[in-house]
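Next, two complexes with chain A in common: one pairs it with chain B, the other with chain C.
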Partner chain A sequence: MANATLTRHDAAASGPEPAHRRRGRRHRGEDLTKILFVLPAALAMIALFGYPVVKNLLMSLQDYGLRTFFTGEAPWVGLKNYTTVVTDQLFSQAMVNTALFTIGSIAFQFTVGLALALFFRRRFPLGNLLRSLLLLPWLLPLIVSSATWRSILEQDSGILNRTLTGLGIIDDPVPWLNSPSVALIAVIGVNIWIGIPFNVTLLYSGLAEIPEELYEAGQLDGATGWLAFRYITWPNLRAVASVLLVLGVVYTIKVLDIILGLTGGGPANATQTLATQSYERSFIDFKFGEGAALSNILIAISLVFAVLYLRATRRAVDE
Partner chain B sequence: MISNRIAATLAGATALSLVLAGCGDGGNGSSSSSGQSVSSLTVLDYYNNDPDKALVQKGLDSCASKLGITIQRETVPGDTLIQKVLQQASSKTLPDVLMLDNPDVQQIAATGALAPLNDLGLTGDGVIQGMVDATSYQGKLYGLAPVTNTIALFYNTQMLQEAGIQPPKTWDELKAAAKKLTKPGRYGIAFNANATYEGSWQFLPAMWTNGGDETDLKTPQVAEALQLWVDLVQSGSASKSVINWTQGDAKDQFVAGKAAMMVNGPWQIPALEKTPNVKWDVVTFPLNKPDQTPVAPLGGEAWTVPLNKDQAKQQKAADFVKCLNSDENELAWAKARFTVPTKTALLDQYVKEKPSMKAFTEQVRTARSRTGKLGDKWPEAAKVIYQAIALALTGKASAQDAFKQASGG
Partner chain C sequence: MSDSTVRRGIYTVIGVLILCVMLFPVYWMVNASLQPSGNTLTAGFLPLDPTFAGYRRALSEQGQNLVTSVIIAAGTVVLCLLVSAPCAYALSQFRSRWVGIALLAILVSQMIPGIVIANALYTAYERLGLLNSIPGLIVANCSSGIPFAILILRSFMLSLPPSLVEAARVDGAGLFRAFVAIVLPISKNSMITAGLFTFLFSWSDFLFALTLTTKGGVRPVTLGIYQYLGTQVQNWNAVMATAVLSAIPAIVLLIAAQKYIAAGAIGGAVK
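Take a look at the complex of A and B:
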């Protein structure tokens, strides 16, 4: 399409016309070319990002339910969906759980990821092989990981409890997914396991960027071990780390599949987050308006972190 | 089970986007020429796995040849059916004949998508009242279910024999038996108390038999039923994992010999027959007091006719549904698919020909439908029920307070 249009314009531009006009035409042709290059991406953005976001915003202001699909009617209800979801007895618990889930996941994913990245920075036999094996959790489909973890964490016959009791570490099986006080911890644990490869990979590449000379120079001043990390590694890694943390928050806050696969939000709503609540309202209760309202709240929170991310990357480029 | 749930999530997400995409092209469905003789019908159902898929196909084919038409059948996984229907509804591409799980019929009928069958020459005469309640909305019949099912108590005959126990008839006997049958590595009973509609469904035999009612969940009768679940779990006779189990998981535990009894439905029988070394039998769900009658929930799917501008096609679809609900087809499907005919007049003959289905047939005679009283408000009550079960089984509330807490009061 774009090609055909271009040739037509080239042909027109090379016609017998005054020089300045020809140049003007050519300029216009170049502008058009630029627009044509941007157009497919712009259309894709509008269709795939713009439309759903706008539709979701509109939906959250409508009584959009089962009936809407048949009659096409979705009466405007203003902010009623928002007040309904915010005043729901589960909302504050879902907010707290979302916060705990996100902070807990990120904190451990990051520290464990950093420790592993530092560890693999040293060269040792099979180091590269081991590092690539670390990526495995990332390669597994989440459905498979959560199903596997569900059987590992099973209270009576799960391999984790069997092992722990076998080693004499615990006397009674831990109700990993069956107790409201433990389930969130178990779910966070699984999410940490899934997130570590991402953290290791980015931090490792960040570490590889730090020139070896800095350490050599530091050594002369007595900066080894912890001091080297504190004064050389960390300052040089900060840009990568801040980007990683912000991306981590945006990815973690919306996690749905792992929670649905492990606990479905239970037991007794102990692992309900904004994402699971939004899913439940839309696809179990068929109250799409309320589901959209919740997901917009989620988007707004993510947006704050996305802005932080943009600022962090801009600063990284400036540096 | 678990993957189903996630598949449903994904399907849900795609369904929504498809729905959104479908919104644009308005209502120019029903392209077929009206007034002409109808030569084919489209059918949508969720029997997507064999043996059910093939067995249902047989019934559909025989009705199609009786009516002199061909059918184009589409099957989708169970938990994606409603999303598929929503997507088709908004793009005006609903099938001519649509199968729906019976508790969903009223919800879909309430949207005005279905044709009232009374106007098309169909009646619910002779059908179990509970099923007619489920498939009627505001006094009109919107679907007919040829066969139904319910849940009862399966038990491992060998294990009960070894322990010298008779199949329990009352809750006290059930608790005692479950306790006695519990050994290291084995629980007395398995059931499903997860926080989904499936968990509510499994609770209904206890709740209804004890006189509990979904119109008022804060009665002592309902709390007593919940106390039975709590007692079974807290005494260690049932695994604490019941709050995460599906009915399929309960069946797996039973088959593996890790549970001596289970609450489950006849659709598990084909799977049980694959492990012939596990010997089992079925009794009706025990009663709290001996003078009660067992009341179990009615399962099974109804066949409906979505509204169609093409009158001739709509009438043909109704005739097709009528044929599916003929005595002949009801018996054929019931026998082949371990279900129970919905016409009361057929039950005696059925039990005679299929004695293994005796307990389920007994349960069906007195069974109720989930949507019989609350109609399209049932899902809200079901939600309170499964939330309350979770609260009580995890010890966050007593059985007495659980329903109050779950309903937000």
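Take a look at the complex of A and C:
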């Protein structure tokens, strides 16, 4: 049918330039091929990101719970899920923990990462090999890192406490993951360890792009050491650094694996974050509406930083 | 002259020390995996009396899960590359105002927490009968693989001159033929990079394994480790042996594909 229409249309046009018409038809077929290039990926993105976002928005306005899976009914409840999760006494603690976890992780990942990147910029034997081996913690599955750190931080027989008591730094073993007052610090510490390699890699590549001549010119003006860093390195690194920091926030704020593997949100909810709370409400309590409401709050916070991120990348592209 | 040689030697020593501190946990994982079984960690700094009991136990208890993880990771690589490569080519070579919108969509997708995807997929999978299934986990894992693969492949394909494909087009090859016969072979290295990382993402996945399986049948090894850690750990050597086995893809990637890794890290993050 489509073919017939096409032929009739072609015959009716009966233009003086058959070659041009042929090209036109080929173009139309080509547009279709071009669409087919993108179609699978577009469908995948819609199914894996578009659908979940919409579905979460809808679920957060529904009483979507265990019963829904049997009856198929999910009554609309307006903003009830949001008020339930926000007025929960755990919410403010989860917010504070999320903020502490994110800020603490990024501050140290970035400063240590920058120090190491600067160090590896000095050329020395084996430097490149050592720098690439440094990436290993970032490549390990997060649950593997969690398991390893669980064994290191084990209260009675873990190597950290045994070493610290052996050196006489502490008298009694520190309950790293078992005490509400230190668990969050321990979890942040592990996350810093995981994130340093990524920061080193990106900052190193940022440093490598700063032209050598700037330093040579600076040297003539007496800008060496700290002055060179302050007036040459840092201004030229700002674009990469801002992208890295915002990206860090967006990635860190949703971390779930490490916390579940290390503490499961405990002890006494000391390491609960928005992400762990959302997981628990959906998959432990089977209150998907409330879990969705929490994860939407998480997205809203991420979105603020997403805007910052896009601005930062645009600036990075402009420069 | 010799002064600077000495200084560079000192830098190397400092570099090695930094590496020792940073990689100590990895060493400790290997060390603890070679200790005799038990629920305490009395291991010394060196495995002076190594035993493979932990590995025997790990393989008998987690062997099936390791195979499951390999199948899922390999399936994710195949599906992601099939979907991403044509799209990356289109985003690098076709002129359209949609290109900018598509790239923006990919960037924004990175802000979406995994738990949001898990929430929605669980309810959908429950109806489609995809819970506790390998295809279900492969599709879910594509959520980390596809955006990354598109960005990596596109940043390489941007450097391809359009004349390359045009020459084949003159000979009568269709757009798709030209893509398969010319673009894909040239993009081999970036396909390897994207494939390696996708394998690693999928292999490392824990969140989807945890949320999209409800009973024993399909259990990736990450979930196996999590269940080991569940309550009181009974056999640390088996846990750590499983951890070592699960770290093998990362270690192989680091050694065999070193030059691709930095490219992947940078391409995926900044581009």
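The rule is short, and it goes like this: the second predicted complex is superposed on the first by the 278 of 319 C-alpha atoms of A that agree within 3 Å, B and C clash if a C-alpha of one lies under 4 Å from a C-alpha of the other, contacts with A are read in each partner's own complex, and residues count from 1 in each chain.
Keep this in mind: contacts are C-beta pairs under 8 Å (C-beta built on N, C-alpha and C of every residue); 3 or more make two chains touch, one makes a residue touch a chain.
These figures come from a predicted structure and were not determined experimentally.
Annotation for the three-chain superposition on chain A: chain B and chain C clash. After overlaying the two complexes on the shared chain, residue contacts for A:T71 are found with chain B alone; chain C is out of touch. Shared-chain residue A:L133: touches chain C; no touch with chain B.
Comparing chain B with chain C, more residues of chain A are touched by C. In the superposition on chain A, contact of A:N178 is made with chain B only, not with chain C. With both structures placed on the common chain, the touch criterion links A:R150 to chain B and to chain C.
In the superposition on chain A, A:F119 makes contact with chain C only, not with chain B. When the shared chain is aligned, chain B comes close enough to touch A:A268, but chain C does not.
Once chain A of one complex is fitted onto chain A of the other, the partner contacts of A:L298 are limited to chain C, with no touch recorded for chain B. Judged by the touch definition given at the top, the superposed model places A:V53 against chain C, while chain B stays out of reach. By the touch criterion defined above, A:Q89 reaches chain B but does not reach chain C. Within the three-chain overlay, chain B meets chain C in a clash at only one of the listed stretches 19-27, 235-243 or 307-315, and that stretch is 19-27. Of the residues of chain A, those at positions 51-52, 55, 69, 142-143, 146-147, 150, 154, 156-157, 256-257, 260-261, 279, 282-283, 288 touch chain B in one of the two structures and chain C in the other. Across the complex, chain A is touched by residues 8-9, 11-12, 14-16, 18-19, 22-23, 25-26, 28-29, 32, 40-43, 82-84, 86-87, 89-91, 94, 98, 102, 104-124, 126, 139-140, 142-143, 146-147, 150, 174-176, 179, 200, 203-204, 206-207, 210-211, 222, 225-226, 228-229, 233, 236, 239-240, 242-243, 246-247, 250-251, 253-254, 258, 261-262, 265-266, 269-270 of chain C.
Per the touch definition, chain A reaches chain B in the complex via residues 51-52, 55, 66-72, 89, 142-143, 146-147, 150, 154-157, 175, 177-180, 256-257, 260-261, 263-270, 279, 282-283, 285-286, 288. Note for the complex: chain A touches chain C at residues 30, 33-34, 36-38, 40-42, 44-45, 47-49, 51-53, 55-56, 59, 64, 69, 116, 119-120, 122-127, 130, 132-152, 154, 156-159, 193, 196-198, 201-202, 205, 240, 243-244, 247, 250, 253-254, 256-257, 260-261, 275, 278-279, 282-283, 288, 291-292, 295-296, 298-299, 302-303, 305-306, 309-310, 313, 316.
For chain B in complex with chain A, the touching residues are 2-3, 5-9, 12, 16-17, 19-20, 23, 82-83, 86-87, 89-90, 107-108, 110-113, 194-196, 239-241, 243-244, 258, 379, 383, 387, 390-391, 393-394, 396, 408.
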